[in-house]
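Presented sequentially are two complexes of subunit A, the first with subunit B as partner and the second with subunit C.
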Partner chain A sequence: MGKYLLRRILQMIPVVLGTTLLIYALVFALPGDPVAAMFGDKPVNQAVAAQIRSEYNLDKPFIVQYVLFLKNALTLNFGNTFAGQPVVSVIGRAFPVTVKLALMAFVFEGVFGVIFGIIGGLTKGKWSDNVILVLSLLLISVPTFVTGFILQYLFGVKWHVLPATAGANPGFMDLLMPAVVLGSVSMASIIRLTRTEITSNISEDYVRTARAKGMSNRQVILRHVLRNSLIPVVTYLGADIGGLMGGAMITERIFNIQGVGNTLFQAILRGEGTLVVSIVTILVMIFVICSLVVDMLYAVLDPRIRYA
Partner chain B sequence: MSQEENMAVKADQQADVASSGPLLEVKDLKVDFTSDGRDVHAVRDASFSVYPGQWVAIVGESGSGKSTCAMSVLGLLPGTGRVVDGSIRLQGRELVGLGRKEYEDLRGSHMGLVPQDPMSNLNPVWRIGSQVKEALVANKMDVSREKRSRLAQELASSEDIKLRSSDDELFISSADLPGLLKAARQVLDEAGVPNPDKVMETFKGEWDVGSETRWGVARSLIRAGVGEDRAWGIAKAHVTGSDMNDRIAGLLSEAGLPDAATRARQYPHEFSGGMRQRALIAIGLASRPDLLIADEPTSALDVTVQKKILDHLKGLTDSLGTAVLFITHDLGLAAERAQHIVVMYKGQVVESGPSLEVLQHPQHPYTKRLVQAAPSLASQRIISAKQRGQDAERLMEHHVKGESTLERSEHVITVEHLTKEFKLPRKRELFKAVDDVSFSVKRGTTLAIVGESGSGKSTVANMVLHLLTPTSGTVTYENQDISGFKGHELMEFRRHVQPVFQNPYGSLDPMYSIYRSIEEPLRIHRIGDRKSREQRVRELLDMVEMPESVMGRYPNELSGGQRQRIAIARAMALNPDVIICDEAVSALDVLVQDQVLRLLNDLQAERGLSYLFITHDLAVVRQIADEVVVMQQGRLVEHATTDEVFDHPQRQYTRDLLDAIPGGKLRLGLD
Partner chain C sequence: MKKQSVLTIAAAGVCSMSLLLSACGGSGDSAGSADAKGGSDTMVSVFNPEPANPLIPSMTNEVGGGNPIDILFSKLVRFDSKGKPRNEIAKEIKANADNTQYTVTIKDGWKFSDGTPVTSQSFTKAWSWASNVNNKQLGSGFFSNIKGYGDLQKEGVAGDAQLAGLKVVDDKTFTVDLSEPSSTFPIQVGYTAFAPLPESFYKDTKAFGQKPVTVGPYKFKSWEHNKALTLVKDTNYKGGVVVKNGGVEFRAYTDPTAAYRDVQSGHLDVLDTVPTSARKTFQSDSSVQAINEPGSVIQMFTIPTYMKHFGEDQEGKLRRRAISMAIDRDLIIKKVLSGTGVEVHDFTSPAIPGYAKNLPGSDVLKYNPKKAKELWAEADKISPWTQADTFKMAYNADGSHKETYDAVANSIKNTLNINAAGNPLPTFNEFRSNVQGRKFTDSAFRSGWQPDYPSPESYLKSNFDSSAADGNGSNDGDYKNPEFDQLMVKAASAKSLDEANKIYQQSEEILFKDLPAVPLYYMNSNGVAGKDVKGFSFTWKNTPDYASLSK
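On to the complex of A and B.
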């Protein structure tokens, strides 16, 4: 187990190097000159521009820029944004908001996804199952920004039940609607996954054996159907945390939340390579760590899986 | 006589009537399934009874409705299945129409199940022990003492011990055991019993925690020569009742699992098939049901394991007074184990009666076919169509071919000092799957390799097929070492040596039509054009006696036997000299098995094929093989002609394999 863990952690190094290089290259390849854009409508002062370029290493070849970024990143020095703020403090402001949003969405999709999935699976073919299936299909097929705008208009603008936008330092109520929107697609997937697992597990031979033992229906469902059905659901949920963090971009734009997604969006627009790469690096790390935790969890839940 | 006494007498009489009547009575049972909106009658007017303590076998091929009957008794019909008519009475109580709750009360405590497939019937995520525990908890079993049926109580009491109170049924606990053994040793010395060490050894073997009772301990001591009062004194002082974990271990060791306390903490995937089946037997009997339904309990297991497990189950159910409804497709097995046989065919009971009666004087045509086809009961090599003189023309053809083969060597395939080692995970030393095996296959004959699973016989087959590289030793085909074959030579080799594998469900690609499956080898070897290949496929289908209409169908639309015919047709497509059959008929019903064996035999006679036949079933060997190689733990332990092996087995292992053939010792009323 220890060896396996070490190997997995060492594997993270090439993953992080590869993704950062790729992102850096993409930002570098963006059309337009970020320094020229900083001058806005005013004529570009070549001397000032050259100074800015050298300050942010923009005058050096791409690969040198990347290596310099890596060298600084190792000492946790991510440099400054074009506006002069340290990148670390920008990230420090954006991440807590997104983490809060992602966790709320996570709880929402986990709880409701599993509950509706169980109801659907246990009443397969009945009206409740059909309603749940149609609803989940609807949520999967409609894009997040459509659901987002509809809820925002109905609950925020028309009925004034919830705040329409979040703004700075959002609280629980501010983030409730965004979290529901963010988690809705994954919730629909979890409903379908849980439902399918239950309908297939319920006809397993060991479930029949359990009934033949004289166990009550409730016990059979709890111990043999649900326990086995939830293994893939738990792993799906774990893998989804990373997706929620990264996928918050659209939701944060709609509800004006100053989180990671929004910051990343602005940074891409301004061509700020350092900021973009820094944020993406952290997101990649979260993804990799989540998938490691999921794999560990899998071994705990399913005794057939052992890592050596 | 007062009124009260009168009532009591009446109640007694009623109880007597109930105990002498059948335990289970199924009358005119009709079970339907709904498929595509149509009703399919799976069971039609089936009637049979099981008396207390009796073994009754339901015999029939797959799809005959035998399992459906069993599941309707348990109220566990799958999918759309439902009882539409008839009655099922357990101890006089009608089961048809019972609600879910009432059924839950009956299952486990009144009727238990030992299911068919040990691989899929244990939940992979729970420990074995906790799955046994569920059965005990669900029926609120008292884990400290034995619950014995009245029949078993009477049997036990009629021996030299009289059961006095329910406390005499208390189990030994793991905490009791050391003290009990110490006291037993002491009392043996005091009583001057000769050879006390040996007696203690038998005690240790018999006194399983959570399984042996107080009176059992007293009986052992008295039989060893200890005075009655002293023996009971020790039993009372040191046998005080087990707890849950002891009882779980006791149940598992009763079912024949050694080292049960450790085993209980393991998961199903750490068990072999035989061990899982033992665990399932422990579960089925955990709540001491009056009726145990055993649905093909050993079909998925080796013959030797099958024998051990059934012997054990028989002993266990006899001592508990449990009646068993035994579902099987093997008539020999049924006749050997059950007192009463019910034969089912296409959803109907076609014959029922005492086992020997059914076997020796079968009335219904289907039963007659079944008796004739049962490989365990027939004892002759199949006579081919050619020998029956039906095909003189082909016989001539074969003669011409025979002359040309004479010029070549007598042995088609020779295996010399073949050894294969595998590396096991987390072990330094290599595992010898095959250890210095030598034999040869004579042209136009059948050599069978027999042995239990794990004896290395399939590994040999894979090496002969050039699918595995031997660690050392050689395989020669037509005097050429096959290890040097590459490219074109290997293609030629593959063309002449073809396999037929065990599982006809897995060896045909479900996405390929039957035509494409048979045509594929021709296409790979670039033989003929589209038209001639189609012609060849037609010929092949004709050869395996399948209609041409199956060409456009897919494997899932065919039965197991039909699929195996397709697999044989595919193997025959390239006109091979040698066919290697790896358990090619093991998964098939007796009647289908018989048909496939006859087909293989006729093909051999017509085309001078040589077979290397890998099997664990000696009954099949007798029907098809000329020579037999017996393998045990990777080594070749016996090599002789089939008759010699059957008539004068040299090794104990071979004798065990022969003894394990179900019904092998039964005599038949057929000519």
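On to the complex of A and C.
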């Protein structure tokens, strides 16, 4: 187990190096000159522009820029944004909000997804199953921004139940609607996944055996059916944490949440390579760590899986 | 200011684009009807993109920083709501005989928020610091007409080098020597970059940028990045702006649609733009109060002189006029813009002193399909336009210009019976690179202008003078006409602003003939405010009159 963990952690190094290089190259390849854009369509003072370029190393070849970035990153110096703020503090402000939002969405989709999935699976073919089926298909097929705008209008503007946008220092109530919107599509997928797993597992031989042994229905469902059905759900949820954080861009724009998605979006438009790469690197690490945790959880859920 | 900005921000909500709009000028005297007892201490909250730069006047060239800086720092002059300059810190700004030297006297008793007095040096040192290349100021170009500017652009210039053209006579008087005559210098100094700075600024410019020491109707309270920038009324303020609220909270938004929802639900007081999604409905929306009135932004498209068939010869002139007369602007304003623009009559805007509606030759901006066809046919005799040719107009697709340019292309296509199409580029950044690199040799391109100071000069000289061509300014079509240039010089040496404005109007008559750019419409100032907000109005530069807001 320890060896396995170590190997997985060492694997992260090439993954992070590769992604940062790739992202850096992509940002570098974006057309347009970020320094000229700072002047808008004012005539560019070339002397000033040259000074700014050298301050941000933009006058150097791509690979030199990348190596300089890596060198600084190793000493935890990520440099400054074009606005003159340390990249670290920009990230420090953006991540807590997005983490809060992603966790709320995660809990929402996990809890409701599994509950409705179980109900659907256990009442297969009945009206409750059908209602859940239709609703989950609806949520999957409607894009997030549509759900977002509709909920925002109804709850925020029309009925005044929840704040229309999250505001500067969002609390639980402020993030409730965005979290529901963000988690809704994944929740629907989890409902489908759980329901399918349960309906297939419930007719397996081992379930029949358990019942034949005289176990109560409750025990059969909880200890055998559910435990086995949750393995793919856990995989899905684990992979989704990273998705929720990176994919919050649309939700964050709709509800004006100043989180990772919004910051990343603006950094891309401004062509701020270091900020984009720093944010993406952190997102990559979250992805990698989540998938590691998921793999560990397998062993807990399925005694047959052992890592060595 | 930068071209194009407003639409981009407003419509697309692409906020990095907010980089493009600079703010300038001052808060006007507004005749807002705030009631005397209520409201004078309430805070009002307003939409604002997060400032892209530290809060240093000469570093700021976009609305996000420009809006707060404008009410934090008084300048020598301010502008009333009509764009007329009034002395603010200046007691007098006096020109010499040929407008090449100005003597500035400042009023007594003005103090920065740290208690230090405003002196001549507060101006001269600040302007020299901003011009110095080592300080990397985006607004340095504003000082380029002051003598000695060139010396401060050289490598290795001393950090405390002063502009040779600025001479301190005494604590309250200084003189400014200009490289070229300028009748509008007394207006230019109303732009944010010309604000005075206290001595403490030079000790720690970084700290100042996060927490400025100010000298205006408002003083700095707090700045939570990406959340809110809060200013409160400065009770020691000595100038002419009447402040009717206790403070202004600039809330950071990246998307105006979200802000619109907040105004509708009562969580935000003022939004100074209208998201595209609400363009058709905002004026009839009963949950907000709306303003939609002519502003100072003009939208055009430039036909570069280096474009085939459109050179500065007879053929080019005929074709330009034919294109202009082939566009049914009224229909576009009504159908595409839903009335958020006004029909165009010149190259400036109705919100500016010096604007005139019926200048001779301005009928070239009216839809006249018959005449357009004649002119086009005449040009074809010089050099034929074939079926293989397409009249293209480039624009940035991250703003909401597609509909407009599709409509313009259709109008041209139907009238002249030629191929015409929009030419979208993905981002503003890329679009501008192509313009700056003179890559549009077979395509016209979108241009627009918001003035830095309320004078026709800011529109005409910046966009069409030869000195602004070839990458030295915003004359991106490289239009050159000595006759026009001469009038610019003449206006700059005029004895009064009125006299200068008359000359600017004459110069526009030349532009009507040459059409270096084809004006499309004046963009309206528009926005919404909460039902309980009083004194909601716009200034000449399309920003809310913050001081007159109350609840």
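Couple of notes before you dig in:
Methods note: the second predicted complex is superposed on the first by the 307 of 308 C-alpha atoms of A that agree within 3 Å, B and C clash if a C-alpha of one lies under 4 Å from a C-alpha of the other, contacts with A are read in each partner's own complex, and residues count from 1 in each chain.
Just so it is clear, a residue touches a chain if its C-beta (ideal position, glycine included) is under 8 Å from a C-beta of that chain, and two chains touch if they have at least 3 such contacts.
Just so it is clear, the structure is predicted and the values come from calculations on it, not from any experiment.
When both complexes are superposed on subunit A, subunit B and subunit C end up sitting side by side without clashing.
Within the superposed three-chain model, A:168 lies in touch with subunit C and out of touch with subunit B [touch as defined at top]. Of the two partner chains placed around the shared chain by superposition, neither subunit B nor subunit C is touched by A:29. Set against each other, subunit B and subunit C touch different numbers of residues in subunit A, with C touching more. Using the contact criterion defined above for the overlaid structures, shared-chain residue A:204 touches subunit B, although it does not reach subunit C. Contact with subunit C, but none with subunit B, is seen for A:84 once the two complexes are overlaid on the shared chain. Of the two partner chains placed by the overlay, only subunit C lies in contact with A:160; subunit B stays clear of it.
Subunit B and subunit C, viewed from the C-alpha centre of subunit A in the overlaid structures, lie at an angle of 160 degrees when rounded to the nearest 10. The least CA distance from subunit B to subunit C in the superposed model is 47 Å.
In the superposition on chain A, none of the residues of subunit A is touched both by subunit B in one structure and by subunit C in the other. Considering their complex, residues 30-34, 36-45, 47-48, 51-52, 55, 82-85, 89-90, 93-94, 152-153, 156-157, 160, 163-165, 167-169, 253-256, 258, 262-263, 265-266, 269-271 of subunit A touch subunit C. In the complex of the two chains, the subunit C residues touching subunit A come out as 1-5, 13-17, 19-22, 51-54, 61-62, 133-134, 136-138, 140-141, 153, 155, 206, 209, 224-228, 251-255, 257-259, 261-262, 264-267, 287, 398, 426-430, 432-433, 435-436, 468, 471-474, 476.
Put simply, subunit A touches subunit B in their complex at residues 203-206, 208-217, 219, 223-224, 227-228, 231, 301-304, 308. By the touch criterion given at the top, residues 74, 76, 78-79, 100, 104-109, 112-113, 115, 117, 120-127, 134-135, 138-139, 267, 269, 280, 283-284, 286-287, 425-426 of subunit B touch subunit A in their complex.
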